[in-house]
Amino acid sequence: MTPDLECQSLTKRFGETLAVDEVSFDVARGSFFSILGPSGCGKTTIMRMIAGFLEPTSGDILIRGKSVLDTPPNKRPVNMVFQHLALFPMMNIADNIGYGLRRAGMGKADIARKVEEALDRIGLPGIGHRKVDELSGGQKQRVAIARCMVLEPDVLLLDEPLGALDLKLRERMKVELKSLQAAFDTTFVYITHDQSEALVMSDRIAVMNEGRFEQVGTGQDLYYRPSTAFVAGFVGDTNRWFGRIERVEGDMLEMRTESGMTLRGERHGRALSTGDRAEIFVRPEAIRIAHSAEELEHFDNRISGRVTSLLFNGADSRILVDAAGSDEVAVNLPQSGEFAGLARGAPVHIGWSGAQGNCFASPEA
Amino acid sequence: MRAQAKLGLVLLLTPLLLWLTLLIFIPHVDMLLVSLRERVSAGVYRTSLANYWAFLSEPLYLRTFMRTAVMSTLATVITLLIGFPVSYYIAKIARGRVQSALFLLCLVPFWVSELVRTFGWMILLRETGIISNLLQFLGLVEGPVEMLYNDAAIMVGLVYTSMLFMVVPLVTTLQTLPDEVVEAGYDLGGNSFSVLREIIIPHATPGIVSGCIVVFMLSLGNYLTPIMLGGKDSLWFTELIYSQFIVRFNWELGAAFGFMLLLLSSAIVWGMLKLTGQSLERTVG
Amino acid sequence: MKLQTTAACSAVALSFCVAVAPATADTLRLLTWGGYAPDDVIAQFEEETGHTVEVTTSNNEEMIAKLRATGGGGFDLAQPSQDRIAGPQEEFGIYKPIDMSQIDTALFIPSMLEATKGNTTVGGDVYGVPHIWGTSGLVVDTANAPSVKDYTDLCNDDVAGKVSYRLKRPTLIGFAFAMGMDPFAAYSDEAAYTEMMEKVEAKLIECKANVKTYWDGSDQLIGLMRSGEAVAAMAWDAGGWKLNADNPDINFIAPTSGALGWIDTFALPAKGKADEAAYAWINFVMKPEIAAKITESSSYFTASKGADELVNEEQKARFQASFPPEAIDNIKWYPTVPTGLEVIEGGVLDRVKAAN
């Protein structure tokens, strides 16, 4: 089956700056694809090129196998949900949703029926006569999606549409968006700088940095098997140490950090050899915590230190441990509540296996 | 505390009340009283509506008013047609320094007095003027062309004088239209025309209406431009008022004319607002 | 600009004068025409008398309107035309009588003084003395419009589209004379005057096609004539002489039916506060040498006895070219305008302007 959307060596230059650099990817029909990256990484540029508001410097964009470079934005089988939703304040809800259908020249009765259907589908029946500013943030969100979906686009682009919502609503909308996508069975391309949005909703995620895709894969791939240091650092929380490699043994290696600690890690087949500058990433949840050093003897990496901060956040609570001479290490508290009584300044022992330490080459400082 | 708040309110309101009573209310009441006076003989007057009757019964006065109103409406429409693309460019397309530079350019004509501006147009348009000479030089015309002293010249002068008052409210309202709303209009299948008609113009309506009211009133009340650029046939209503006050010493009729101008122009503006389904509160507020 | 200079002068002069000048030093607020009070004359006056002068330039209609608005206040000396004093005075009471004992009558041309006194007398009091006189007639580019000899010649075919005049009362009067009528004789007979004006109206409407534009200010007229856009116009003598200095073909012509003579006067506004300074100014500018200075700078002639002799030859030559002796005798001097005529004339002017 041809993918719904395919970008081939897509490049965009603004004068001297290279905003998008030879990006290629494809999005399978009916899937939820996210582009995740910090602001300024070029993800919005890609989205605007797909929508047709920007012309690529080179490369091609294909929708259902056909190049759309010569198709103006109003003719592309692509619709976009804008960051601030861009509902038309001068029209009521029904006219907003019916706008695209009117433009397509559909009859009045058909439009009314389709609008009603769409409102039913987003769970807001009978609000057609209301004004835009009478709706809540979540309702507007759904209307914005319905406004695009009535046109039955091949691809729906979403440009950080949850950014303006408050946290609680954002959490709910993540779930809702995912189920809307399933209900409409349309290909979604979603861009965001919020990893949790991407991880929760997407079938596949592309992590973007400085105009390039660092890695494309499922959420699990990115989280557990990051292929670049950037992805390891950007997706999920992590501890990070810089240093030099002292010993390599198969996939295992030893690195001396800048603060003088020796840490063991794994290179996952990456070309790293003794003397190279490198960095090791360890997720806070991979680190075990114990009252005595003996309990951690089976771990390759062990540190003893004191608790400097308690970051209580329900099930996701952590502590920061200040190991002598080392940086602060973030460690997740086990959910058992075993260490709930830990106080600031209390001595703790932490440790993790070398396999949890993901090691990447680091450019010379 | 309470007394202080009260004092603050009084201080705030004083300039407003002074302005309203001294500059708006009292002169108009005085005008009204003068307009209701009928001259019987030297220094003897009686109260009557004779002056208003004179306005309504003399076709010349009514015709002149209608002519002025129609020309002003036309000037308003032309100003809007030229001003809208200009404003759209300034508000939505130009960026940064270009934007402020363009805005400033609209303001430049107001650095000189209206008289000088009008003389500028006379120099350009007259038979021995720059445009006429240029056309002859280019071989486009045989002899000198007179472009001054006709209604078209008045129109040019009025539009030029009014442009800023159209552009400012338009730019202000257009700037509040988010780019992404326009893009959404295209994205959902609209072409330039339908985006303009369904999205940009409805959004800009308050600006369009307030710009049109200001331009219409300014054109209607303009004196210098029609007198100096207009031809021998181009009678303007303000000219009638001037001549009643100054040349004929007939303040009573002049005051009545002034009031009729106020009433009729307000009626026209009200009618236009009704016709376009706008309210003054929405436009101003 | 002139106003500002004067204001600046007076500000400086004030501190200076208070010390030296007599205790009666006053500010004279003069409401006059452009050119009637040249800067050097003001400077000399201020130096000699210690008074200061503030000049506001205007025209007949605006002078009356300004004084009417304030009931004769705001100015200490005004210069309306002699035919426009008695009417407004009767109607609005904006002037006060002139104390002839304060005026040095020996400085005036006697016939002009007597005529002005006669025309400006209301209820036995005199309200005006003459200052500057002149005529309206035709300014003609003789090379391009040789046929224009009288007002009605402005309607000739050979000058079609190249004619200009003011849409004001002198035009109505001038055309009436040129059409063989005597409007001044009909001044007192409203019905006859109305009838006469109707004929003039018809003529002016017929003539409208010939008109390039109705001029409004003298600058506009001079621009039209100098550029050749107009070849014949109805205008004041001084304007014609000014143009003649640049282009010998253009000159002022006294029309065959007679130039219209006007005399601008001195009149005291009812609420004027500096009468002493006003009288001093009158007696000062009527001195022959001062009057000659004014004539040279503005081309206007004054009612000052003997001033003509002191005017330069060039100015005299222009005057004589425009006014052969029989033309001087033929000047039609404006009699006092009775109240009410303006309304009749106004209607005519409106209809002419509105006609197509």
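Each chain gets a letter, A, B and C, in the order it is written, and its residues are counted from 1.
What we mean here is this: contacts are C-beta pairs under 8 Å (C-beta built on N, C-alpha and C of every residue); 3 or more make two chains touch, one makes a residue touch a chain.
Please read these numbers as outputs of a predicted model, since none were measured by experiment.
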Suppose every chain is reduced to the average of its Cα atoms; which one is closest to the average of all protein Cα atoms? B
Chain separated most widely from chain A, comparing mean CA positions: C
How far is the middle of chain A from the middle of chain C, if each middle is the mean of its Cα atoms, in Å? 88
Could you please state the distance in Å, as a whole number, between where the Cα atoms of chain B are centred and where those of chain C are centred? 36
With centres defined as the mean C-alpha position, give me the chain A-chain B separation in Å. 56
Hey, which residues of chain B end up touching chain C in the complex? 42-43, 60, 63-64, 126-128, 146, 148-149, 227-228, 231-233, 235, 240, 243-251
Taking the touch rule as given, give the residues of chain A at its contact with chain B in the complex, in rising order. 51-53, 72-75, 78-80, 82-84, 86-91, 99-100, 103-104, 147-148, 151
Where on chain C is chain B touching in the complex? 61-62, 64-65, 68, 88, 90-93, 168, 208, 211-214, 216, 220, 227-229, 339, 342-343, 346, 349-351, 353-356
If we count contacts the way the header does, which residues on chain B are in touch with chain A in the complex? 178, 180-181, 183-191, 194, 198-199, 202-203
